[in-house]
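Chain nomenclature is as follows: A, B, C, D, E and F, assigned in order of appearance, with residue numbering initiated at 1 for each chain independently.
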Amino acid sequence: MPEIHSLQLQPIIDRALEEDWGNGDWTTDLCVQKGTKAHASIIAKKPTLASCLEIAQAVFFRVDPGLNIKLRAKNGDPVGEKTLLMEIEGEARSILKAERVALNFLCRMCGVSHMTSRYVAKLKGFKAKLLDTRKTSPGLRLLEKWATSIGGARNHRLCLTDGVLVKENHIRAAGSITNAVNRLLESLPPTLKIEVEASTLDEVHEALDAGADLILLDNMSISEMKLAVRTVRGRVLLEASGNITLDNIADVAETGVDFISSSAIIHSAPWADLSLLFTVP
Amino acid sequence: MPEIHSLQLQPIIDRALEEDWGNGDWTTDLCVQKGTKAHASIIAKKPTLASCLEIAQAVFFRVDPGLNIKLRAKNGDPVGEKTLLMEIEGEARSILKAERVALNFLCRMCGVSHMTSRYVAKLKGFKAKLLDTRKTSPGLRLLEKWATSIGGARNHRLCLTDGVLVKENHIRAAGSITNAVNRLLESLPPTLKIEVEASTLDEVHEALDAGADLILLDNMSISEMKLAVRTVRGRVLLEASGNITLDNIADVAETGVDFISSSAIIHSAPWADLSLLFTVP
Amino acid sequence: MPEIHSLQLQPIIDRALEEDWGNGDWTTDLCVQKGTKAHASIIAKKPTLASCLEIAQAVFFRVDPGLNIKLRAKNGDPVGEKTLLMEIEGEARSILKAERVALNFLCRMCGVSHMTSRYVAKLKGFKAKLLDTRKTSPGLRLLEKWATSIGGARNHRLCLTDGVLVKENHIRAAGSITNAVNRLLESLPPTLKIEVEASTLDEVHEALDAGADLILLDNMSISEMKLAVRTVRGRVLLEASGNITLDNIADVAETGVDFISSSAIIHSAPWADLSLLFTVP
Amino acid sequence: MPEIHSLQLQPIIDRALEEDWGNGDWTTDLCVQKGTKAHASIIAKKPTLASCLEIAQAVFFRVDPGLNIKLRAKNGDPVGEKTLLMEIEGEARSILKAERVALNFLCRMCGVSHMTSRYVAKLKGFKAKLLDTRKTSPGLRLLEKWATSIGGARNHRLCLTDGVLVKENHIRAAGSITNAVNRLLESLPPTLKIEVEASTLDEVHEALDAGADLILLDNMSISEMKLAVRTVRGRVLLEASGNITLDNIADVAETGVDFISSSAIIHSAPWADLSLLFTVP
Amino acid sequence: MPEIHSLQLQPIIDRALEEDWGNGDWTTDLCVQKGTKAHASIIAKKPTLASCLEIAQAVFFRVDPGLNIKLRAKNGDPVGEKTLLMEIEGEARSILKAERVALNFLCRMCGVSHMTSRYVAKLKGFKAKLLDTRKTSPGLRLLEKWATSIGGARNHRLCLTDGVLVKENHIRAAGSITNAVNRLLESLPPTLKIEVEASTLDEVHEALDAGADLILLDNMSISEMKLAVRTVRGRVLLEASGNITLDNIADVAETGVDFISSSAIIHSAPWADLSLLFTVP
Amino acid sequence: MPEIHSLQLQPIIDRALEEDWGNGDWTTDLCVQKGTKAHASIIAKKPTLASCLEIAQAVFFRVDPGLNIKLRAKNGDPVGEKTLLMEIEGEARSILKAERVALNFLCRMCGVSHMTSRYVAKLKGFKAKLLDTRKTSPGLRLLEKWATSIGGARNHRLCLTDGVLVKENHIRAAGSITNAVNRLLESLPPTLKIEVEASTLDEVHEALDAGADLILLDNMSISEMKLAVRTVRGRVLLEASGNITLDNIADVAETGVDFISSSAIIHSAPWADLSLLFTVP
């Protein structure tokens, strides 16, 4: 992943704070006196993967640049039960107003990275690389793709601009794979490859002949994928896609495909179980 | 839930489209000729609960107000395998550019509503109502809370402005439950109740004496909760919270609490499995 | 009032500066040479109440973070004629460009706080608390409500989310007070109370029976209000509203109501008379 | 005033609605069923001047383009007690959600126009024209200046870009009136006049000699202003400013100045007393 | 180019109008009475290429959706002296307020397309395709790239996301071409090609060996480019870049490169000479 | 020009960066390791005029406030071949991500200032001052007008608010020059002059009689302009406009007009030829 610049991250954080605060935090500002200092620790209550700690940090700093924050883990670290991830010190009101939003980001991202790392572990020893997809939470895609890359996946395109993927619906609207690829070859910037979705071996052949650089094997059986690999003989890259699970991913990798993509690593990843411990000295 | 007005929804949709499109959709605009018409059906591939169909509809209309859209299910309808949820007809390019974003919203919201409805079903016959929490995807809270209400839950506060919840960390920063509640009683708008988190019976007593309107029983055992119910004798409302699962929710309800809150109905709800079928006549 | 965070205040200030500057300040930038230093004092020319000084300060800092600013009064201080409120030192151009906007905020807010404090003074010795309303200058509500709280009022709800007030028009649209309250009891978050507007004793009874937590006595006579207080016997809170003036507020308080709300403290408060004295050493 | 285009008005309205709604209107959406129709009339309860009705109309349309709205008065019409200004028909929920914001704008603008018209009436028969100033509610300047023009005033500059006014503080920072005007003559666009503030006759002479097009007589006595008029003999325009009241404005006009400016017509104008009557057929 | 959606175009138009209007158009709104109707024709006074007419149209519609607009040319049409491009009919005020902004866009875009078409004409009969670059007017890139594509060029990447171009400075920072390409091969989405800038034949060899898909020949002489073409033998695509002029482009094409890129087609294209003729019937 | 405040500049820079980055810079972030330091020099490859260096500086700082930047020229300096304009030191990634945007601004602004200075040089010894116009790149007007003022021109109005120019089309819509000017005299703020476009001597007479302060001589011949100057005898200012070139501008000046306006200094100014040299120590 390219770095997420603060110019990209800030508006996402601001919207999350605005959404959570509404017109103000009655509880904190009425109960807690200004000037009260506190210390907070963010702890993983169950095993997970440390991820995107800088987002949580940025939330706290956005609320109060005077907070003193120390990251106690590195992105990509597997963390066990009761592991300290981050410490925050300073104005109690600030910590309390940032807490929920910071944790909502962090629980989500650690969850995605953790799930990704479990899939990646299954690919050990195989050529195939894990890819993510565009099935992401609206508004959080760059963050979730950062989380998959921390978990060990390679990113597929970030958006519709940095990759061409001719899917079944495009093929129908274009008339055929050949039509679609021809039109792309005419006008596409030379910096982009052409990927075509194929669900049969015939389509693999057509894509190959039309000039695709990459073929996505959509929901094929293991034996079909093996045939596709043999057919293609390295002339284009192959991506397997569709219903990839922790149980079947190794079998898919064994077919010899170059990439395996999974959307479940994002949309089915449960939140990490983190909490913020708070002490007033 | 109050209705989500288009003034609130539009910016969320615009950001999702902007995020997905980047600087433009090379695939669709190069492969598919302007003027090509298509028909699309959104289908549930596995059982779920129809939810927030208007969001998907608004995505399609935002991309192309000329599309012809028909909702084929109502929010809250349980839907079986292969059920039609929505039909869209018109410019093929428009449908293809809106597809992913519309589905990302819809899969998420149906997933949340479906999970919620499974919890709610367990409360049948009990007084207790299911509540959601503030553990939501950053930027999508109103939508996810709409989804829980479609699934049958009652909403807890939408943000920090429409509810006071004095949590453990506030109590530490304020010195005591009594301090915190006293300060609230002095300045809080008379339109808001005061809810206090208690993790022991002593704290329940303190909250009661201080003047709380609502007490959240935090991670108490079943027997503690029963004691709390007996202690309170209806003078304040009681909300049970912490590690509520489909397995234990009925037992919790049986204690006689008024509300049971769960964050899992949002953050651990897997996406509904929906897809868009596309035909070019 | 909850603190107004700079994330909430900044856009209000930016719009005010943008509005005042248009495409640039021809006068200052052509007449005054860069590097000219100046000292400025903000002075109350007539008695008022010091209020929201931080907003004026934030305006100056937004224009030039290099200015040196000293607050010479505290929010809530009554100030006499010719009292110094604030000193600013630094680049002359910056002070001149910020002056009008800073004063526009400050004159308005001191004016509101001053007027509020005059109403509050009349309530000395009574149980009743003064409340503000939603009749505020569009775009400036949080600031004006901060000003009323500095003036000694308690805030009523900030917006439509943090309070329920069933007004006459809602009752008509719902059919009856009972209908309206029943629907609220079914779906409202448990963190919110229900306030109902009543203009007759019959309506007070109906609201009470329906389950209201708070009743607003709308434009009732003193004797009606007394009857309402007697009727209700502390079971719900009572708010008197409608044509409250400095002359009649003590009589209203004497009826025994819990709250008295006034919109005049905001919309009829004249600006404080402040000016900025400027010296170039 | 130039017309206020919807591109300029829309964001002001949107912010006002967002501010008033917070995260949603619990009362209306829970009490009033979707589909309930209503009729509303906006009535002046006390005499005022009809003004900026289009802003209120735009608020209602922004909330619901399906409302049916009829303006029953024209901007600039003096209206007596119990006069109908506007009628709105349609979805009850929409009317109730727009009501407060629409009235907040309208009460403010009618109030400003009304106050302005009272000052203007005093100038009948005199050459002098009434001008407004930059002392306006932050964020509402264009609207308030529209209101003064409806009330019969001529606008002074809208912002720092469309007029040059060398004030006392600029003179100090520039060293002298002559310095300031010389620098302006060197670089100012030829489309702008130069106005200089003078508080003594000596300053009037200096401004005249330096090449000012317009001189603001700041807080001068009636006799000083008369002298200034005689001195200047029509070579430049004269604007009287400072503590103009309904009582003294005719005396000021009698001195022969060309313009008289007042900030009180905006910042000391009390709100018009309007209300919305609501019936459900 | 992918289509520019109104969601992308609208904010660009709004900013241009805001910039041109400031706080309002004194001239038009004071001189021209509301309701005056007019007819306007946009005419090319000198030969150019019709381009991006939809942007001008969108400006007029944004100012007044009630205008009646007819496009009288098609994007890509060469137009001679005194050719009609567009007609607009309706409210005179609206046409006058939109005129300058609409023409500013149109003169720029027709200018770019026209210049591009002159370069493209020189490539007739050669394999080489003309490419644009990222040297564009800040804020107008998509529009200017639309204009080059209308003029007959192929777009190079739109932004830093849809293409990888390892330039000299990247190579220095990475240590070597080989380092840079190796890091890309490890993490880049499989949808993107790798382009490497080379200014010597040695660098061409290194890029080829490292695994580049595309090589940019930077400021090479004709003979060096010929050698590069011979060396590469079609294994990667070659792009010639640097000081391409109308005079030398055919010679460059003759070397056998696949692409020739020029920034001059954008940044050195003079505006088309268009004007708006206006009649009031 | 009034100073361009960072509040005005920041959004222009942010949009330019957002446009250039899309969703991220794959090349830089994958090739260049975090922590790699570099030194960069911005050099003029051909003679130009140093201009708006602060904009380029602001771009670098926006990307990375930790960069160390030294300006090596002053705005308005004529610079010869191979002249150093600016040095930047720090994180290599930051320099590479800011480079293109910073240069796009700088090449444009130096180009405009350089072209302007060539026109201004022709006016040496004449009374006439060079003016710019509203024919500017959409979104970049303030910057381009800053560049013309650095090049030695006087600015004409920045937008439609800070100047009145009654053009031919306004005259048609108003019926006559006299009508237009009369309406302006009735309502225009006294801070603004009235400029009228005239293309015949008759129109000059009419404008003069109507009360114009300034007359624009539109596309008149040299002899007509001389007549106009003689006619007007200094009672109003005269601006010559239309097809001003480097070749004819001295002849126009010789007629005795006060101002000569040119749009070519902006829209036909080619970019300065600048580049960024980059070394990794």
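The working rule: a contact is a pair of C-beta atoms (placed from the backbone, for glycine too) under 8 Å apart; a residue touches a chain by one contact, two chains touch by 3 or more.
Since the model is a prediction, treat every value here as computed from it, not as a measurement.
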item	value
Any chain in contact with chain C as well as chain D	A, B, E, F
Self-contact between copies chain D and chain F, residue sets same or different by half	same
Candidate from A-E, C-E or A-B with the same interface as C-D, over half of contact pairs in common	A-B
Selected interface, C-F versus A-B, where C-beta contact pairs are more numerous	A-B
Inter-centroid spacing, chain F versus chain A (mean Cα positions, whole Å)	45
Separation of chain E from chain F, taking each centre as the mean of its C-alpha atoms, in whole Å	22
Intercentroid distance (Cα basis), chain F paired with chain B, Å	53
Numbers and ranges of chain F residues touching at least 2 other chains	1-2, 19, 21-26, 28, 30, 93, 97, 142, 158-162, 164-165, 187, 189, 192
Chain contact topology (line, ring, star, complete or other)	complete
Residue numbers on chain C that touch chain E, as the complex places them	19, 22-23
Interface residues, chain D side, partner chain F - complex	1-2, 131, 149, 154-165, 187, 189-193, 195, 214, 237, 239, 258-259
List of chain F residues in touch with chain C within their complex	1-5, 7-8, 142, 158-159, 161-162
Of all residues in chain C, those that touch chain F in their complex	14, 17-18, 21-26, 28-30, 34, 62-63, 93, 97
Residues of chain E defined as touching chain F within the complex	12, 15-16, 19-28, 30-33, 36, 38, 92-93, 95-97, 99-101, 103-105, 107-108, 134-142, 158-162, 164-170, 172-174, 179-180, 183-184, 186-189, 192, 267-268, 270-271, 276, 278-280
